[in-house]
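There are structures below to look over.
One chain, subunit A, links the two complexes that follow: it is found with subunit B in the first and with subunit C in the second.
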Partner chain A sequence: MSANRWLATGNYFTTYREEQRIFFTHIDRLLFAAFLTALFAWPLFIEASSKYMLIFDNILVAVIAVLGLNLVTGFGGLISVGHAAFVGVGAYTVACLAQIIGDQHVLITHAWPLMIVAGGLTGAVFGLIVGLPALRLRHLYLLMATLSFQMIFQWVVGFMDFFNQGQFIYVGRVYWFTGEVGRSVHYNFWYYALLTTVVVLGFGVRNLLRTRYGRSLVAVRDNDRAADAMGMHPGFTKVSAFGLAGFFAGVAGAMQAYLNRGAGFETFTLHESIQYLAMTIVGGLGSLPGTFFGPAAIKMLDLQMENLAEWAGHLLPSSLDLATGLRPLSFGLVIVLFLMFEPRGIANWWRILRSYVKLWPFRY
Partner chain B sequence: MKTKKISIGIIVSVVVLMLAMPVSAVAEEYMIGLSLAITGPTSDAGNPYAKGVEDYFRYANDMKLLGKDTIKYEIRDDKYETAITKRNFEEYLDMGMVFYLNYSTGSTLALKRDFEEVKMPTLPASYHAGNIEDSDYVFLPIASYSAQAIGLAEYLVANHDGKTPRVAMYVHPSAFGRGPVEDVKAAVKAGLDMEIVEVVEHGKDLDVTGMLQRWKSKNVQYVISHTVQSPVATLLKGASRMDLVAKSFGEKGKITFMGAHYTGGNDLIALAGKAAENFYWTTSFITTSEDSYAADTQMALAERYGRDDKTANSHNYAAGIIVAEVATEVIQRAKAKGEEINKKTLYQELLAMNGMNAFYSGTAVGPVTYSKDDHQGVDTLQLYSVQNGEFRAVGKPFIPEYTDKIK
Partner chain C sequence: MSYFLQLVFSGIVVGSIYALAAIGFVLIYKSSRVLNLAHGQIIATGAYIMYVLTVWVGIPIYLSFVMSMIITFFLAMSVERIFLRRLIGEPIISVIMVTIGLMSIIDGLIYLTPFGSENFSFPPFLPREPIMLWGTYLSYTQVAGVVITFILIGAFSWFFKKSTVGISMRAVSDDQMASMSIGISVPKVFGLAWATAGLTAAAAGGILGNITGLNFDTLHAFGILVFPVVILGGLDSLLGAVVAGILMGLIQQFAGGYLDGNWGLNGTGQVLPYILLLVLLLFKPHGLFGTHEIERV
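The block that comes next holds the complex of A and B.
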């Protein structure tokens, strides 16, 4: 690599340390800083409606959840189809505590960052427990184990009085330095809270992948026996990957509970789990940028298909109910098309674009 | 000088006149939002419901029921997903909504705090009693599911011949389904002479032979269902195949099947066919299979806006009409008093909708009444039974007694 990191045009790494950098060039760092500044600043200049702020917030919640799923499935190669249940564990940690101590209790309203961490930790505990079968199971068998956790979660929440039989459990409004976060600023406040969390956790994952554990995770994904032979610990790596994924999901769930001002059963169904998996695949399995692209793409696709289905619902005969099928059809089609034509997901488009810009005006 | 004085006088007069001109001379639009499942789960009910709302608001605008003013109605599909309902609700608020129509139990419970915070009068399509608990702004259009289940129980007790009737409850596996069970149990505890032998939360089974055999062995005589049509159709078809369906109410050795609002209607007959014969169903709506002015009005509205027969005859279409009627009525009443139309005045009009001010909807069997303590619109129920493939009224409209006794 060029000694001058402003003028670098190619990869000339001479040490492993150079290769492990988060930003290869200063331009990269500058652009990323500008992008982050824009993400934080735009609500100050552009007034978005509550509807759109809610959409952005939901995308960010999904990004946090997918960060975890990508860690376990993308980087660790361990299939998990119960991710929404882990998100639910985080949400219900906050909601159930609110139910026990009162949703206006100071712990819920003022110590909310603590509650979010608690949601994450509970998710991590469940992740570790569900991850235990990963010591013995692989591929489809592991899929079934995680699926069973999803089913158990749905049953427990849907039937137990403690969880209000799946009915909504309320969580109070939070307080900030300026006082109670009221309705008028609720979605903007959570946009900033979520964005900050995404940045912190995003850097966390990026750094984790640079550590011995991160390299072990990828090695175990590629060949766990070879990794074992190289002195790594596949069992620990797999189980802790589930624990980490559970933590991220728990944080996402707790924040979702605060955003929605409570938790209800239907937000954490198998359908949601499949959506998270789809976000991971469409974004790019085993790619950090893909973790951001996937949720954004799927959520926006969903939004557009909602509009199309609604429009069609008014026109098509109700007896046929064809409009109902449009959303799942588009969803399935996108997954299939990505698997067929772009298995590396949107992240690969990003890689190609970056490469093009980096090399321009030369073609290679 | 004199001319100048006259000119100033004219200008001042014109300005004064313009300022004094009544605000009502300018046509206004009142925004009402509806979020419901036009597609996705339960869209079989949501689709005609949406059409009922749409048609009545179109009618109100076309017939100039609000004079020059019009209702701007926004109907959005939420696919039975609370997250989308929340998004729609927020969008409607930004659009200046003055009255809100919601749909599912889940979303009504999830948004209840929002309704309270923004003080938005809301009428859901879910008649779950929990919707109005600790809520000032949610109003049920008709009697709650609990009241309906209790109404069915009261009817069967009153018309049962013999010892204490043995009853099974067949309910939806959700809070929506379980809610009325506790209330029926409370009614039994309060003195309603019947025995609840078993409560079954149904799954998605296509065969219910085992369950029916069990009920038969336990001498179950009546089944009160509280769910949606398809599991009831499965139940009725199974019972019909096993020759268990009572041919007359309370027939000995057989089972009389009964159900609350969303279990019945023409969709049930379409699903169950002949097996639906003698199914007893209660709701607060007038069905189009009975000759009545209300049925004619409903059919005329459907015809006016080109709706197909299925929609026109659906009780969900009638359910959509009633909420639109109530919304239009409160606007009319507020306008008649010269009040500004906003969520506050419409809420006040809803609270005053009782006594002499009760509202008689075209589609319900009783008046819509609300007050600070009464958030249930039409308290009256009508029992129907399927006779020769059509729902026919059984007896007169009634108000269940035990709903008050168990409070």
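The block that comes next holds the complex of A and C.
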């Protein structure tokens, strides 16, 4: 790095510490701070309808979940097709407690940050259990383990009386310092709660990747035997990656339960798991910025497909249910096309853009 | 006693279709080390093609069975050519992801046809009255299904043991480098593996559709249930697929027959295979007949 920390036109690192920095120049830091401020401030100036606010909230929930999935699949190289089930574990932690002690109990309505952490921890426990086969096995078999967890979860929720057989379980409205969070500000309130969580967890992941554990995760993905020879513990690394993914998913699930004011079966199916995977791939496997692009891109695609189906529904015979078909078709296509033509995802476009701006007016 | 026998028979019927479906999996995995997660969707496609040919076009059912197998043969081959061919040499994780994407694409395409939401059933072509056997009822369709399945399985084992193409496929699964050096076209073998897998999938779909009727949700669940079967039998063993298929069919029927309705349990047939799979992965990860390439990491 050049002595000037305001501008940099290339890499001038002389120590590893410099290379590990989160922000390379002060301009980076300022821009990022401005971006964050804008994210926090815009709802104060622009009145968004609750439909769109809900979409933003859903994107943020998905970002939290995908942070976990990207840790295990992108950085750890272990496919998990049961991520929606882990999200479900978080959501049902809250919902079950609401079922037992009543959905207006003080613990649910006032101590909700605690409940969110509890959801995360439950998710982490399940993640560790499901990740146990990772001690001995790789790719396909792990995929099977997570798939079977997904199926077992679906069965437990769908058939047990305790879980209302997959019917909606209500969770009460939360209280903030100003009193109960009412209907009109519900989505705005959760936008702020989610955004704060995303920022905290995002910085958490960014820092995790700079630690010994994060780098051993990447080393294990690239070649686990070499990592073993270099003194890392691949089995432990993989299993704990699953635990971490479970934690993130649990947090996402608990927040989703609060956001939707309850938990129901259809939010946690295999289909949703595949959607999380699609988000991870489209964003960019093993890239932190990708974790934010992916959910946004897929949710927007979903929304546009719905609009398209609605528009085309007037032109086509009504017996044709376009929406149910177009959504899986579109994101299946997106997964396949991204894997074939841009395996590094939208994050790669972001990287190219950044380096272009950084080197401008030169091209090298 | 006759209830027990009834469960055994229906377990064998379902299990042999599982076996046929699992063979498609094993074929692809054996030659190209790809786990085709979209296999259930290919099964569904085969079944619907057969329905279209039989009912809408009006071709005799035996002919349409064969024709649907041939069409799916070429469909699966083109799937390999379009999507998988350019991924040779990519990390296994992206190959698996592509099959997951394919799963979603075919799902979407099926939902766009009338088949996505309704139930369809084949016109009966065998005598309606059931066969009585030691106090149990079996339909002619079920018996025919099992017979056809075993004929196909027998034909495949002959194909792998004796025919040149089969032997070259086995060679590729053993060592790709060595088989390339003796003049086997490895990409061609990959394509062929997918194509034969499509053929067995269509057969499984056709038989299943004749026994239980066509409903996309059922076919979907069936496709996903094939994964535990393949892992139980060992990913690269044809014999394992057959044994595990029938075993899984029996387990499912017994669970459904004896557990459901007692102790507040329901739908255990759907979940027991997965519980078994999770336990199996911890203790005997390479299945009953799979090759042990354990790498403890």
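Here is the rule we go by: the second predicted complex is superposed on the first by the 357 of 364 C-alpha atoms of A that agree within 3 Å, B and C clash if a C-alpha of one lies under 4 Å from a C-alpha of the other, contacts with A are read in each partner's own complex, and residues count from 1 in each chain.
Please note the rule applied: a residue touches a chain if its C-beta (ideal position, glycine included) is under 8 Å from a C-beta of that chain, and two chains touch if they have at least 3 such contacts.
Keep in mind the model is a prediction, meaning the values are calculated, not measured.
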Answer with first, second, both or neither: which of subunit B and subunit C does A:L140 touch in the superposed model?
second
Identify the partner contact of A:L326: answer first if only subunit B is touched, second if only subunit C is, both if each is, neither if none is.
both
A:E19 contacts which: subunit B (first), subunit C (second), both, neither?
neither
One more residue to check, A:G158. First (subunit B), second (subunit C), both or neither?
both
Have a look and say if subunit B or subunit C is in touch with more residues of subunit A.
C
After lining up the shared chain so the two structures overlap, which partner does A:I274 touch, if you call subunit B first and subunit C second: first, second, both or neither?
second
With both complexes superposed on chain A, which partner does A:E180 reach: first (subunit B), second (subunit C), both or neither?
neither
By the touch definition above, which subunit A residues appear in both interfaces, subunit B in one complex and subunit C in the other?
158, 319, 321, 324, 326-327
Which residues of subunit C touch subunit A in the complex?
35, 83, 86-87, 90-94, 96-98, 100-112, 114, 116-117, 224, 227-228, 231, 235, 264-267, 270-271, 274-275, 277-278, 281-282, 285, 294-297
Within the complex, which stretch of subunit A touches subunit B?
49-51, 54-55, 58, 158, 164-168, 170, 183, 187, 260-262, 264-267, 306, 309-310, 312-314, 317-319, 321, 323-324, 326-327
Touching subunit A in the complex: which residues of subunit B?
38-40, 43-44, 47-48, 51, 76-77, 79, 81-84, 86-88, 90-91, 93-94, 106, 109-110, 112-114, 117-118, 130, 173-175, 178, 308, 310-311
Complex interface listing, subunit A residues touching subunit C:
73, 77, 79, 81, 130, 132-133, 135-141, 143-145, 147-149, 151-152, 155-156, 158-161, 224-225, 228, 234-235, 238, 270, 274, 277-278, 281, 285, 319-322, 324-336, 339-340, 343
